[in-house]
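Both complexes below contain chain A, partnered by chain B and then by chain C.
Now for the complex of A and B:
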């Protein structure tokens, strides 16, 4: 399994090169791997239907307990049908859809295959972190595919919205995963589902966070607006990512976790409310769209709401309906998108108002589109009908008030679905009075076949209803079945679900016939129900906040930056030291009395440095501080250290003096007039005091004698033939550190040399101009 | 060296704190020379910190001269020795920078960053145009266009 996923990513990396040779046939090369995946899934079918699973695990960072764990079970299998099955169709379709010489072909093909791999990993992942990684990979692929080359404003805006919304959800989901994993004590999804953590505030929080991720990915209200926006992507991309597979990731996650959590408090109420709301809003908005593709996108939003409800409910029959609708939706929506793609490709438009007479021109295409749309509307004997019937039956079974409310919502949503399905048929294929017939060349077979295959499957799985029964039943196994388990069939006798289906279709037809009156509503929604302004307001708000924060902190002045760093140091680690640190048990005033006068000397010299007006004075006083420190080292028992300190201090003084020759003898006094002195003093004194306290706390925190040093002392005479342990450490035990140190010296020396040489060179060619400037500013200073 | 001694020298701690305070104060100045001196002083204090945290003083860590039990810990000393040399390298590099700055600009003052100032001005402009009722109405969020707007204004 892992091999398949990796192969996708490798192939994606190779495709840009391949497409240089093969042009748009690179898409066909890309289709090979999804086909292999589909074949592999089909060979595992019997094993999975028998209740078995295929497991694979690769230790990634074993020390941290991180593994890539993949697992094929019935739900993964269903998703692979969508991911790889639809993937093959889409990639074949792309060969004929895109222009042969389009620049973007290599990019699009590579991204589509990478996406197919990421999505395959997502549906196979059995580890929360593995799932998360693939989840975000699909988001990134979606961003790049929607944005294309980012030439138009719409492409940029839509892709960024899709990215921001889904990444926000993804991050919250990651947080939820960590919480859930810690509660359950394992990050294996199968283990969590087998023994879910006890209900409680933490588990509930985790579930809400995870649902937020699922809702954003699957375009649930109020996050749904990114999906219609993402329709700027090329049609095959929309069909694959934004109808058949990626947007189902959220639904998949809900389906994956529902067996464990459907009876936890926030899970089902949240899913039911938002799912039905999404179904209604999406269906309602689809009634007004004039762009066929956007119409389908709102339809997808609506259907995703429906799927959420079915996957989250947690009863046997509803789960069967969920599995059926999952595949049914994938089939009819890819059919419809591909049909729209063909119409757009041939007629040059997909606007309802401009299309007319397509039915007469393309009868075969009309049949294909009709099968898709009628399956979406829930007309027998098509596959969508089976799913819808099962859903109605499932919510009727229990008869509780809650279920009946949900049922009413589903019936209303289905009526809207039927209405926009008819609207789609009429809009795409119908003949409109006053619109001249669209002239369009016949589409090539390569475009028709990928659209016809899912349509044929829709018809086949609907007519031979028992074909899918075993899959749906296996999927619903975790939920207890009643005495008479439901089975998928076209005819269950004259039953209430059948009546409801009839009501749905009738109201759909009614709504469609009254379309002129409906359209006059103009898709009106009260402001508080609109999601897009909310998104824009949020983003604009973030924008303002980031400007304010950046503007306030990014003031451009070095002292301000350093002061902010120092204040953070005082506040954050400072409060930790003061609250968490403990003072040493015993304080000694000094180790030897000589330390006191040296300390006084050093501190006096240091304070005098801050007051020095002349540069030379300051430098000499710094020298005093340095030699004083050397004295401390002598008293501390470090002769080598003291020697180095004295030598380096002398060298530093010499270097200072060289530079001081170039500079005016007094410090410029600008800063003292510009800002008062005391805030700087306060900040530095506070930070200094904190250092003093932490010096005490850290030094008092010693618990064990230093073993490393003891080893050095023991090994020095024999191992390094040296009696001076410090020397032995520097040149022998830790010789590589010293090599590093020497390299630093070499780099610094190079830097110094080049700076000074460059300065000389810069001065030479335009000596007149260059000296003019400095002299002027020097005069101003005086 | 075999026993853990948790008594801490207060004089050294105070000296370290005082040196850090002076170093920080100098770092907050605008004269590059003062900033360099500040770095030198903070470097001194950090080396002292290493010695203080490294344990109580003792006799020099030379085998044969002092018995192992009375030695100071050699490891912090080795670290501080390395640190001294690296501080020296850093100081000379900074001095070269100050030299170049004084030759090219005639002073060694650290001026404000022009680019950052621009962001600040832009923020003030946003603040002035307060319209919380209708955000996004005339200021639609858009990446990458702000610079262009700025350039045409």
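Now for the complex of A and C:
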């Protein structure tokens, strides 16, 4: 398993090179690995259906207890069908969808394969941290795929919104994972689910935080607006990431944890409320969209809410409905997106008002699209109908008030779903009065087949309902089944769910027929229900806060910076020293008489620094202080320390000389206003006094001869073959620290050099700007 | 720019009391000859020649510190700083051209080489199945030098040495030459 996931990422790294040779056929090369994954998942099918799992674990930091754990069970298997199965179709579709010579092909193909790998890892992960890593990898892939080359404002805004919202959720989810893992005493998901931590405030907090991650990723209200925005991505990307797989990650997480937590207080009420709300809002908004793709996106939002409810409910029948809808949605939504892609590709528009007569022109495409849309609407004998029936049945079973309220919500949402499904059919394929018939060339077979495959599966799985029954039952196993377990079938007799389905379809048809009156509403929503302004206000608020904070602290004044640093030093470590430290009991004035003249020299220089009027004089006097301290090191028998001190002091002086050439020779403050001097004096005196006091306190803090130092002295000749203990510590005992320190030094030196040289480079027009010229317009057809 | 002589007081400004106590630290000459006159005027021949003569000696000293560091005072850090200061002397005497004449590599390359050497030395034991940063020890008798003990951590110290030399050279490149190129050409002022 790990090999498969890694192979995806390696192939993604290689694809840019491959695409240089193969052009757009790189997408086909990329499709190989998802196909292999799908094949591997199918070979494990019998084992998984028997209740078995496939486990794999690599301990990559055993000391810290960090392992990379993957586990294939029924839920992972269902998700792999979506991730790898739809992945193969999409990548094949891409070959014919993108222009052969588009420059973005290499980028898009690599990102799609990387995403497929990350998503595969996500659904296989059995460790909370492993899951989190792959979770964020998919977010990054989504950001890059939505943003494309970032040429238009729309692309940049949408990709950043998608990133901000999902990363916010991801971070809170990480926090929740840590809380949950600490509560449960393990980070293995299978172990947590097997023996969940006791209910309590901490567990509830963890669950809410985790749900926040799931809600943002799966575009639940009020975070859903990033998903319709993400539709600026090319259609295959939208079909794969933002319909079939990535947005299901949140649903997947809920499904993964529900067996353990569906009876915890915040879990189910939160999921039910937001899920139904999302289902209704998404369905309502879809009724007004004129862009077929955005219509589908709102449909996805609505369906994700539906799935959330099904996955979180925690009863046997509803879980079966969840598994069915998960696959059904993946199939019909990828069909529909690919169909829209074909229409857009051939006719050059996907606006409902501009399309007309597609049905007559592309009869085969119309059949494919109709199967998808009718499955979405829940019309028998298609796969979507099975899921919807099971859901209605599941919430009728218990008959509690809560479940009935949920059921009402689901029926309303399904009615809206049916309505926008019909609207989609009419908008995409219908003939509208007063609109010229679209003239479009025939789509190539390469575009049609990937769209036809999921449509055929939708029909097959619907007609032969027993095919999927075993999978759904195995998935629902953790939840106790009643005496007569539910089974998927087209015909359960005349029952209440069937009546509800009929009501749903009828009201859907009614809503669609009354579309002129509906559209006049214009998608009106009261202000407090609109999520996009909320997002924009939040971002603007963050901007204001960061602007205010930065403006206060980055004032551009060196004395202010110094004051902030010194005040922090005085307040934070200073208060610790003054409250926690104690003065050494024994204070000697000097150890040897030679120290006295050196001390007098250092003190004199230090006092003289404060009186110096010229910068250069002050710097040289500071140097005297430094050399004096070095002399102390010599007197106390620390030649290594003294050598380093002298050398660094010299270099500092040289650096000062270089810099001071640019500054006025005198300290200007002395001659200008006198009023603000006292705060400065107070801050500097306080900081200086604190340094002196803490030096005393620290010297008194050492009670016994330090054991570590003695150990080093003993071990140096044998362990490091060195007589110089200082050096042995630097290059052997603490060599890791040394490597870290020189890395920091290298980074700092490079940073400083860039800062200083940047102003110089800014003057000349850079060569790159001159040769690049205006960037070419986007190649990807949108 | 470099320190000029005290200017005469403009009539409108508040008159500053000038006394020996306040003005004792007024420089009598430019701080740095380099940078002000890159075309060869006012270069000190004596300084430049002296710098060139002591340059190799200081470098040898720095190498001594590097190799001796394991058993006596010194080490890669001190050695690197000493070597760096050899370049500083060359710079102070002759400006950026002198440093460029002394070392052909660009400072970032030296920094990168040092860091790579140190990290690779740290990682090398993995290939022998040891933990990273383990040190090995070799003793041998060479014809002239006699008994020589080499510890593998010496290479880590060499990395530190190279990196420090690179950082100092980078300092000369940025704060030294970089600032000179940004500054407008100074007007010549008689010193004194």
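Everything below uses one rule, namely that the second predicted complex is superposed on the first by the 585 of 782 C-alpha atoms of A that agree within 3 Å, B and C clash if a C-alpha of one lies under 4 Å from a C-alpha of the other, contacts with A are read in each partner's own complex, and residues count from 1 in each chain.
One rule holds in what follows: a residue touches a chain if its C-beta (ideal position, glycine included) is under 8 Å from a C-beta of that chain, and two chains touch if they have at least 3 such contacts.
This is a predicted model, so every value here is computed, not measured.
With both structures placed on the common chain, the touch criterion links A:507 to neither chain B nor chain C. Of the two partner chains, chain C is the only one that A:739 touches; chain B does not reach it. Of the two partner chains placed around the shared chain by superposition, chain B and chain C are both touched by A:640. Once the two complexes are overlaid on the shared chain, A:547 sits against chain B while remaining clear of chain C. After overlaying the two complexes on the shared chain, residue contacts for A:616 are found with chain C alone; chain B is out of touch.
When both complexes are overlaid on chain A, the residue A:626 reaches chain B alone and has no touch with chain C.
Looking at the shared chain after the overlay, A:651 reaches both chain B and chain C.
Comparing chain B with chain C, more residues of chain A are touched by B. When the two complexes are overlaid on their common chain A, residue A:726 makes contact with chain B and with chain C alike. Within the superposed three-chain model, A:587 lies in touch with chain B and out of touch with chain C [touch as defined at top]. Common to the chain B-facing and chain C-facing surfaces of chain A are residues 639-640, 644, 648, 651, 655, 658-659, 662, 671, 723-724, 726, 730, 738, 745, 749, 752, 756, 759. Put simply, chain C touches chain A in their complex at residues 1-4, 16, 22, 25-27, 31-32, 35, 65, 69-78, 81-82, 84-85, 88, 92, 107-108, 111-112, 114-115, 118-119, 122, 132-133, 135, 137, 149, 151, 153-154, 156-157, 159-160, 163-164, 166-168, 170-171, 173-176, 178-179, 181-183. Within the complex, the chain B residues that touch chain A are 1-31, 33-34, 37, 40-41, 44-45, 47-49, 51-65, 68, 71-75, 77-78, 80-82, 84-93, 95-100, 102-110, 112-117, 119-120, 122-124, 126-127, 135-136, 139-144. Those residues of chain A that touch chain C in the complex are listed here as 612-614, 616-617, 639-640, 643-644, 647-648, 650-651, 654-655, 657-662, 665, 671, 720-724, 726-728, 730-732, 735-736, 738-739, 742-743, 745-746, 749-750, 752-753, 756-757, 759-760.
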